[in-house]
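Both complexes shown next keep subunit A, but they swap its partner, so subunit B is in the first and subunit C is in the second.
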Partner chain A sequence: MSENQELSRLEKEWKTHFDRFTAPEPTREMTLDLIQKIKNIEQEQSPIDLRLELETTQNSLSTRSKIVNMFLSQWNFYGTTSWLLTGLLMIAITFTISENSADAMTGFSSWIKWITLLVIGVIGYSFRPKNEGNEIIESLSYYPVIQQIFTRFMFVMGFQLVLTLPLSLFVVGKEGTILYLVSSFIPVFFFGVIGFVTIFWLGQKIGLSITLFIWFSQVLLKKKLLFQAPGDDYFLTVNMIILGISILLLSSVVLKRRFSVNLK
Partner chain B sequence: MRIALNDVEYSTGDTTRLNRITCSFTKGITYVVGKNGAGKSTLLKLLTTSIQPGHGEINYSLLVRDEQIGTYRRKLDIEEIRKIISFLPQHFTGHLDMTVERYVKYIAYHKGIPRELVKKTVEHWLKESNLTQIKRRKIRHLSGGQRQKVGLIQALINLPRICILDEPFEGLDIEEQLYFQRVLRRLSYHSIIIISTHLVDKIQQSSEDKLLHLSEGKIAYFGGMETLEAVTQGLQE
Partner chain C sequence: MQDEEYMRQLSLGIDTAFDTLVFRYHKPLYGYIYRLLHDEKLAEDIVQETFLKIYQQGLKGFVPDQFKPWMYKIATNTCKDYWRKPTSRLEYVTDKDIEEKSRVHHIIDHQLERQWMVESLNQLSLDYRTVLYLRFYQGLKYSEIALALDISINTVKTRITRGLKQLENILVTDERKGAEGIE
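Now for the complex of A and B:
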C-alpha cells in the first residue's frame, strides 16, 4: 500500500469516528504513526539540502586543504595576469639597470629604489578601495577577514621577495654577497609592511600617500638613509632598525583584532 | 535556524533609522517592503553583521538535537554566522577590474567551496545565468542586468543558510527573474531568505512566505502575505 493510500485510510477511520461514535477509535499508536508518516512525506517532498552536502565536504577537508583553498582565494583576488605582469616588470627593471649601471654599488642603489616603488604599487592594488557593498561581501566569507588580508599580504611579500633575491644578483654581479641579499630583502620588506599596515589602519588613500611620501623622501634626500648598500657606514645599524620597525608595525595588526573584539 | 531581533534600534547622528524592532526570521522567504527611507537597507545591513545595533540585540541560533541533552537552541558566534550568510547589496558593483569568470571563481573560493568543486560550480552558475558567453568580459563593461546576475551568483553560489538580498530583481528581464525566483524558492526549504524590494507587484505570492512592512523605521506589519494587496495600496498612496 502506498503512503498516500495509507494516509487516506487513517484519515477515513478518524472521520468515521467523528460521524459515528460507536465506530472503533484509532489507537494512540496509529495516530502517532500517522503523524510520523505525514512528516516523512513532507521531508520527501522538500528538495535535497545541498548546503548540508557542501558543509559535510567542507568539514571533511584537511587543514592543509583549507589553507590551500584560502591561498587560492587570495591568489584569485590579485589574478594570475597581474602576478605575471608584476614578475615581468621586476625582471625588466633588473635588466635595464644591470645593463646601464657603471658599477655594482650604483646599480644596486637605483635598482632597490625602483623595486620598492613596485612593491608599493602592488600592495596598493592588492588592497584597492572597496565600496560598502564589497566590504560586506568580503567580510561574509568562509575565512575570517584577518586571515584573508594577512594571507594576501604574505602572498604579495612572498612573491616579491622570492623574485627580488635572485634578481639582486644580476645587478651586483660577481660582487654578490650575503650582505647584498640582506640589503635587498630588508627595504622590500620594510616598504611592503609600511604599505600594508598603513592601509590596514588608515585606509587605502591615506596609507598609500604615507608610504609614497616615505619613499619619495628617501629618493629625494641627498643623504642615504633607508637605501643603504653594504659598503656604507651605517649599513648594518640602519637595516637592523628598519627590520625592527617593520616587525613592530606588523605586530600592530594583531592589536587591531584585539581592539575590535573588545569593542564587540 | 532562527534570527531573532529583540528591541533593536539603530541611529545615525540624530536620525533614528530603526526604532525598537522585535521580530524573528525562520526558514522561508520574507519580503521586506517600505517606502524610501523606511529603514529596509539598514535592517538588512544589521542582519549581515556589518553594522551593530545601538540598542537591543540580534541572535542567530540553530536548533540542535542531541541524544543525551535533548533538543536545544545553540547561539552562533560572529565567525560562524559570517560563514553561512550571503548578501547582495542594493547597488552591486563587484570588483570592476575583474572578469566575470575570475570574480565568480574568487567568490567560490572566498565562500569555502572546495577547490575540486570550484570549476564545476563556476561553470554551472555561469551557464544557468547565461553568462558563459561574456565570462571573459570585465565587470565594468557589463550592463546593469548582467552585473546584477553576477551579484546574485555571488550571493547564491554557496547555497547559504541565510541569504539577504537588497533589490535582487532590479534590471533583470522576466525570464531571468523567474529563474532566480525558482532558485530562491528551492533554497528557501532549508534557508532563511530575506528580500528587500520596491517591486511589490513582482512578488510571487506563496502562502508560506512572509511580509515585513517597515514604515519610518518601525514595523507596520509582519505576517503572512494575505495583506500584500493592502500594503501595496498603502505604499502607492
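Now for the complex of A and C:
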C-alpha cells in the first residue's frame, strides 16, 4: 500500500472519532462584541504606538545625537536654499550701500537699517508654525515647541551675526573699529530678540507686526534712536540700553515654561 | 466573495469587510484554538489577538495570497507565543492534571468517547496535534496546512499519518488494558 493510500485509509477511519471532540461555539452576540472590541483596541493603540516608537528611538540616542538631530531638523525646516538666499541678500545690501554712500557714517546707518529689516524678514519666515514633510514632522514632534523656536532663533542670529560682522567692516572700510563691530552686532541682535520673543508670546502675525512697527518707527523717525553710529552722542548709552532690553526680553522665555507648568 | 477580496477591501479602508471575515471565521478559529488550549477564556483572548493582528495588517494594506492558511498561521504562532511565556508553560505542562480534574465532569455527562479522544490527542506532540486539527476540524487542504505551518506538503502528510498511527496504538493499548481489567 502506498503512503498516500495509507493516509486516505487512516483519515477515513478516524474521521468519526475526531467528530466526537466537540468544542464550544461562540454566539452571534459574542462575534459582534469581538468586532467592537478589536476596533476599539485599534483606535486606542495606533496614536500611542507611533508616539511610543518615536520616544523609544529618541531615548536610545545620545545627548550629542539629540542636539545634532535637533539642529538638522530645524535647518531642514527652513531649508538650505532659504539660508543661502538670506546670505546673498545680506551681501547684496552691503555692496549696494557701500557703493552708494558718501562716507562711512551714512553708509553704516543705512546698511544697519536694511540688515535689521532682513533679520526681521528671516525671523518671520523661519518662525512660521507650519511643519513640512512627514519625517521632519516626526522628528520635530519629539522636541517641545520652545526648544524648536529657540534653535531656529539661534540659527537666524548665528548665521546673520557671522555674516554681519565681516560685512560691516566692508561698509565702513578703513574706519572699521571695535565700536563699529559692536554697533552692528547690537541692533541685529535686538531685532532678532524682538522678533523671537514677540512671536513666541503673541504668535507670528502679531509678533511680526510689532517688530516691523518698531523697525519702521526707527527708519521714519528723523532723530536717530536705535541705529546709532559710533560718532553719535548717545551711541554707548543707547546700545547698552537695547542690549539690556534684549537680554531681559530673552529671559522672559524662561517664564513661559513656568507659566505653562502652573497652568497645568 | 473570496476572503482575500475582503482583505483587499479592508486595505482600501472598507471597514465592514473585516466584520464579514470575523463572522465567517470566528467559530472555526475559536474551535481550533480551544482544542489546542482547552481553556474557553484563554481561547477567547487568543482569538481576539489573532483577529486584531489581521485587522491591523489589513489597515496597513497587507493582502495575503491565501487568507485561511495565513489566519491559522497567525493563530498557531499566537498560541506558541503564549506557551513560551513562563507562566503558561506551567499551565501547559499540567494540561493532563486539568483533564484529570475534569474527568469526573465528563463521566457524569456520559461523554466518555469524547473524553478518550481528548486525552489521546493530548498524548500526541504539538506538531502532530496541529496538523490533525487543521485537517479534521478546519478542513484545510494539505497545501493550505503546509502554508499555515511553514512546512512542506510531504511533512504534512507524514505528520498526519504518524499522528493517526499513534492514535491507533493508544486505542489498541487502552483496549488491551480494558480487557485485562475485565479479566
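Keep this in mind: the second predicted complex is superposed on the first by the 192 of 264 C-alpha atoms of A that agree within 3 Å, B and C clash if a C-alpha of one lies under 4 Å from a C-alpha of the other, contacts with A are read in each partner's own complex, and residues count from 1 in each chain.
The criterion applied here is as follows: a residue touches a chain if its C-beta (ideal position, glycine included) is under 8 Å from a C-beta of that chain, and two chains touch if they have at least 3 such contacts.
These numbers were taken from a predicted model, which means no experiment stands behind them.
Q: With both complexes superposed on chain A, which partner does A:57 reach: first (subunit B), second (subunit C), both or neither?
A: In the superposed model, A:57 contacts subunit B only, not subunit C.
Q: Should A:69 be classified as contacting the first partner (subunit B), the second (subunit C), both, or neither?
A: Touch partner of A:69: subunit B, not subunit C.
Q: Check whether A:29 is in contact with subunit B, with subunit C, with both or with neither, and answer first, second, both or neither.
A: neither
Q: Under the stated touch criterion, name the partner, subunit B or subunit C, that contacts more residues in subunit A.
A: Looking at subunit A, the partner in contact with more of its residues is B.
Q: Considering only touches as defined above, state whether A:10 meets subunit B (first), subunit C (second), both or neither.
A: Only subunit C is touched by A:10; subunit B is not.
Q: Just subunit B (first), just subunit C (second), both, or neither: which does A:38 touch?
A: Only subunit C; A:38 stays clear of subunit B.
Q: Which residues form the common part of the subunit A surface touched by subunit B and by subunit C?
A: None.
Q: Which bits of subunit A are touching subunit C when the two form their complex?
A: So the residues of subunit A touching subunit C come out as 3-4, 6-7, 10-11, 13-15, 17-18, 20-26, 30-31, 34-35, 37-39, 41-42.
Q: In the complex formed with subunit A, which residues of subunit B make contact?
A: Against subunit A, the touching part of subunit B is residues 45, 48-50, 52, 78-79, 82-83, 85-87, 89-95, 98, 102, 105-107, 109-115, 117, 154, 158-161, 186, 189-191.
Q: Could you please specify the touching residues of subunit C with respect to subunit A in the complex?
A: By the definition above, subunit C touches subunit A via 15, 18-19, 22-23, 26-27, 30-31, 34-35, 40, 44, 47-48, 51-52, 55-56, 59, 113-114, 117-118, 121, 132, 135-137, 157, 160-161, 164-165, 167-168.
Q: Could you pull out which subunit A residues touch subunit B in their complex?
A: Within the complex, subunit A touches subunit B at residues 46-47, 49-52, 54, 57-58, 61, 65, 68-70, 72-73, 76-77, 79, 128, 131-144, 148, 264.
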